[in-house]
């Protein structure tokens, strides 16, 4: 089956007064039709920049998508799109849901109109038809009294409702790919549960592929099929959720998994934290980006970026520990959340 | 967390009795942010306070410290009624009870160096001067894992996690006994959260501190707290030891809350049945009489809309405010 | 290509000494603002022009061979020449020297007046904004009353009562002008006083004056500076206007306004006597305004990178 999205060797930098910040440093991944992929990582790892590149929202300048990068959506090279092509692409083929529902909706426009806007532009509907469809979308995202609520303004909705509206806008033209950038981080836990269930439902109904950007591993375990772990602009590990949660191979993934307290287990020991902070991407390190914080660091790690090792069809890791020369290291975590002594 | 665990005869450091904090909104409406909350914090323990937005946990924390004047009720710290303090008493109190804020970006004055920010408490209470002051500031920086060189830098040069550590150092500078941690980790990345929480636990052990840990992330609260109170719309609905609360939640809201938290384990997520609460969190403005959770509770009975349930001890040291019990 | 040698595969772990280092150079708020200002060519040009004007007003009257009050009946109303770069006025006085001497007065009035207004406005607005409630209400009502008094009336009355001169002028101009900046500071203070770092300072036990003067006011400095650059030209203009009415500095002392007044009288025959002082005023006011615009952008914390 042809891939919906193919990203190859993507490099994106930002030019600031202090120099060039290399936000994304050579990543490649695929997304199938209807798949749900989670990109996990902390602030500054490049996940949001990656999403923005896919949807064509990188401003150049100060951003720069380096030569040699390629992003193919449905066979077409997005990076070569003209402005007009980008405008058609955004909203109808790919759409995005942002983190903060308060600021991503236009406060002066009725909600129904905001959903209809997308339909008018991309599907060429008349205003009347678009508004009818907008009400249907509101029903799809389970907003009660959809018809009367379509005539209301964003401030009359609560945070969770606003996020549903955002999802309705994003899905109005039935895009093939939905990018969700931390869609539940700003919401209360019980509302978050509702939104996640909604997204899973909609995915089943509409067959939309989802790329979910988050740092919440619980959400990943709930909704994602495949996971990419990013650190400092690179992909350090990728696999399906079972691979990542039960057989993680990269020290950063180990640290990430063991720094999250588990509700269902009775843990008495300290949480694992990784000392220090991620490297400044103004002057990215020569070798593996995680070397300066990794307890398993070796000399080679400081000198060269590790080669990618294929653990299985689905599971790949970028770490020198998997080189034949490297010493054997037991996976300190997985299968029951046993704590590691970091 | 073993060594400093408490006996039941530990001194009660903080007693909160029937605390109410109402805000006037517009001419006719009253926002009942905190509505008759009572609990006790023993010396050396960590009491977690959880709930979702609008539940009043932050307002409770700030009212306890006197940042907002209480509408009614008592806050008694080490035997002293905090509400009636004069200016001098308030200053003394600020040396003993401190606060760590949620937003590492807004809680540091952007025009002050980190050294001065940490040293402010020292300056206000005239604790050290000159060389001693500088040494103390370096010591505080070191205790939160930062370097001497950082003292002359400005907040915007640091990451969120580092800024939060500066905030912690600032609170510790006056050597308090009690610290209100107001969502100190919500704005931080996952592995940095662990860093900050470990730091807080370490400092608590070293100095024998008492914490009121306010958060909405229940997994983290369970990890750091001895006892946990669950708040909903200004009322305390359940209070128990953290192990007990998670093993046997009694209040319907607590049950729903716990089931809503996603667990980083795909098998568990795939197989679990969630209790999904319908609807939105109602507004704390002009609330209707009776139990606040009534509208979203599937066990609601007629009495629930008439009488506010009291917080009663239902099991040993396990309190619930619900008409089911 | 890096040599992949088996020796390099021994686990050594990480030393955390560098883990917390900050790579970027120490960039304070002012350094960042200066860097942004530098990018604004117009603002830098304006700054340059102002510096030149200030230097001229300081040094020309000191070093010039001509004295500003020396009258020379032979050379009345002369056009600009090699000897008198700006020509002479109707009493034979060298206009070049007089323009820069007058500039001193105008600029002093501008700077000192602004400074006094600033101090008064800061304290007044700061207290009003910080305490809010009744205090604020009363203080603002008083300020409004002061502001609604026709300022010209006040100025004229003062000037009739007090001896004419630079000091009286400054006093007159300040007496109603401080309200603007007081309101500005009050607004800023009200906005900032809910910030968490203010709450933190109070939680540490800081008293009101500490919060106001160590925390709130320093964070309003950006606005203050911008306001100042916009206010100075206002003073210069006002002074010119008053001098026009004959209420300004008295001969032989002069200011730009006074020079314009004198020049306006002989405008048709000897335009140079009007043009040079007028040009001086316009250039200065324009430069201040453009610099103020540039500063506003450079100091806006939201635009920082």
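Letters A, B and C mark the chains in the order given here, with residues in each chain numbered from 1 onward.
By our rule, contacts are C-beta pairs under 8 Å (C-beta built on N, C-alpha and C of every residue); 3 or more make two chains touch, one makes a residue touch a chain.
These figures come from a predicted structure and were not determined experimentally.
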Original post:
What topology does the chain contact graph adopt: line, ring, star, complete, or other?
Top reply: complete
**OP:** Taking CA centroids for every chain, report which one is farthest away from subunit A.
**Re:** C
**OP:** Consider the two chain pairs B-C and A-B; indicate the one with the greater count of contacting C-beta pairs.
**Re:** A-B
Original post:
Where the centres are mean C-alpha positions, what is the separation of subunit B from subunit C, in Å?
Top reply: 47
Original post:
Where the centres are mean C-alpha positions, what is the separation of subunit A from subunit B, in Å?
Top reply: 31
**OP:** Please list all residues of subunit A that touch 2 or more other chains.
**Re:** 275, 277
Subject >> Residue list for subunit C, restricted to those that touch at least two other chains >> reply: 20, 24
**OP:** Mind pulling the residue numbers of subunit B that touch at least two other chains?
**Re:** 145, 162
Original post:
Which bits of subunit A are touching subunit C when the two form their complex?
Top reply: 16-18, 275-277, 280, 282-283, 291-300, 303-304, 320, 323, 325-327, 329
Subject >> Touching residues on subunit C, where the partner in the complex is subunit B >> reply: 20-22, 24, 26-29, 195-197, 199-206, 210, 215, 218-219, 221, 301, 304
Subject >> subunit C contact footprint on subunit B (complex, rising order) >> reply: 62, 65, 67, 90-91, 94-95, 98-99, 101-103, 106-111, 120-121, 124-125, 145-147, 149-150, 152-154, 156-158, 162, 167, 170, 174
Subject >> Residue ranges of subunit B touching subunit A (in the complex, touch as defined) >> reply: 1-2, 52-53, 145, 159-162, 189-195, 197-198, 201, 216, 218-220, 222-223, 243, 246, 256-266, 268-269, 274, 276-277, 280-281
Original post:
Along subunit C, where are the residues that touch subunit A in the complex?
Top reply: 2, 4-14, 16, 18-20, 23-25, 35, 305
